[in-house]
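Across the two complexes that follow, chain A remains constant while its partner is chain B and subsequently chain C.
Let's turn to the complex of A and B:
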């Protein structure tokens, strides 16, 4: 019984993680400019791979595996915003344009 | 095959298909992406999807050692994205002149300029400073 419960939870984590990855990929394909694409990829993509790592930990049912999976999860969650911010700052400083429907550019207002 | 194994197996298949689909969409963005930052974002996303693949294979085969590979792949992907961001920051877009590139984005406030000039002034070099102050 407990085996089935763990299998169902693992399957749920896997499917939700894959769904997040798919949503991130669709956002990466459909959104109009580099900044909005970055917003889709860095948030949903990170959650997707992190949930699948947690599924590995739950499936193994082992403390050392759980510790390593949690370390990986927090590593991804901490580094994804850093790399996204660096990339956005670099693209903005180089003058890659926002989409024409963007309503405001506060970083540009701050600089001028 | 027990019920638990069947649930897990079918979920793994479905997740592998979904991840493959998202992988293909992201590769399309890498190929199509009009600008360099688009491609870098898509490559960063590819690293995340491959980490998901590695996790699925770890569940399928039962080797939890794959988690270490996923962590090191994440580290490499983070460092690659940081290096690409520095590269984008260092290069021009190609359609702007060198003078525009060299120009600092944030104009230094006048107070900081004055202080810099004062600190670079030597006690005996009066005329040279007055000549520079014209700038």
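Let's turn to the complex of A and C:
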């Protein structure tokens, strides 16, 4: 009984995680500029990978795997925003324009 | 703050030394290092350790809630056939002033719904945040100030 429950939960976590990873990928192609794309990559990507790591931990069913999976998730959460932030900052420093629909750019006002 | 980093570092060292990378062992190592740091508390003047622990946990809970919500919002936005975007970069006046707190706040902002930190001004007073929906900037600013920034102040001061 408990095995079935764990199997179902693992499958669910993998499906939802893969779904978020897919959404992140679609977002990367559909969103109009580098800044909005970073939103999709940093958020949906992190959650997708995190859920799949959790599924691995649950499937393995031992604590040392769980500890490492949690450490992996922790480092995702730690590094994803930093890389998104660095990419956005580098793009802005190079003068990559915001999408034309953008309503304001106070960083540009500050720089000039 | 140093006490937590120390506890965590000690716990990791404990795991490495005992050679069993289990969660139990890590928690045990953390408890052990907390206990030893508590014994030398007079020398370290680490008062309010437990009270702060609660506040850090509450910051963590808020963070995971916001992270789940933000992934969901991005999913809804991306799957929407006609994307209605009003993106932009706004300036957020910082109340926190220590490097560590600014870094933490910037990271938390990036992982929450619709916002992404882009840059910090040189005088460390303003954080530039890219938002996917800039139609009501004042509300976003209020949310950050009343949510993460307040909790960071409570947890680390």
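One rule holds for everything that comes next: the second predicted complex is superposed on the first by the 112 of 112 C-alpha atoms of A that agree within 3 Å, B and C clash if a C-alpha of one lies under 4 Å from a C-alpha of the other, contacts with A are read in each partner's own complex, and residues count from 1 in each chain.
Convention: contacts are C-beta pairs under 8 Å (C-beta built on N, C-alpha and C of every residue); 3 or more make two chains touch, one makes a residue touch a chain.
None of these values were measured; they are calculated from a predicted model.
Visitor: Applying the document's definition of touch, where does A:17 land relative to chain B and chain C: first, second, both, or neither?
Guide: It touches chain B, and chain C stays clear.
Visitor: Quick one: is A:60 in contact with chain B, with chain C, with both, or with neither? Answer first, second, both or neither.
Guide: first
Visitor: Pick one for A:46: touches chain B only (first), chain C only (second), both, or neither.
Guide: both
Visitor: A:105 contacts which: chain B (first), chain C (second), both, neither?
Guide: So A:105 only meets chain C here.
Visitor: Which partner does A:77 reach: the first (chain B), the second (chain C), both, or neither?
Guide: In the superposition, A:77 contacts chain C only.
Visitor: Does chain B (first) or chain C (second) touch A:36, or do both, or does neither?
Guide: second
Visitor: Touching A:3 in the superposition: chain B (first), chain C (second), both, neither?
Guide: After superposition on chain A, A:3 lies in contact with chain B alone.
Visitor: So chain A touches chain B in one structure and chain C in the other; where do those two contact lists coincide?
Guide: 19, 24, 26, 38, 42, 46, 48, 68, 80, 82, 84, 89
Visitor: Quick check: in the complex, which residue numbers of chain A touch chain B?
Guide: Per the touch definition, chain A meets chain B at residues 3-4, 6-8, 10-12, 14-15, 17-19, 21-22, 24-26, 28-29, 34, 37-38, 41-42, 45-46, 48-49, 52-53, 55-57, 59-60, 62, 65, 68-69, 71-72, 75-76, 79-80, 82-84, 86-87, 89-91, 93-96, 111.
Visitor: Spell out the part of chain C that touches chain A in their complex, as residue ranges.
Guide: Answer in residue numbers: 20-24, 26, 67-68, 70-71, 74-75, 77-79, 83, 85-91, 106-107, 110-111, 114, 116-119, 121, 126, 128, 130, 132, 134-135, 137.
Visitor: In the complex formed with chain A, which residues of chain B make contact?
Guide: Going through chain B, the ones touching chain A are 2-5, 7-8, 10-12, 14-15, 18-19, 21-23, 25-26, 28-29, 35, 37-38, 40-42, 44-45, 48-49, 51-52, 55-56, 58-59, 64, 66-68, 70-71, 74-75, 78, 81-82, 84-86, 88-89, 91-93, 96, 105-106.
Visitor: Could you list, by residue number, the parts of chain A that touch chain C in their complex?
Guide: Interface residues on chain A, with respect to chain C: 19-20, 23-24, 26-27, 30-33, 35-36, 38-40, 42-44, 46-48, 63-64, 66-68, 70, 77-78, 80-82, 84-85, 88-89, 92, 98-99, 101-108, 110.
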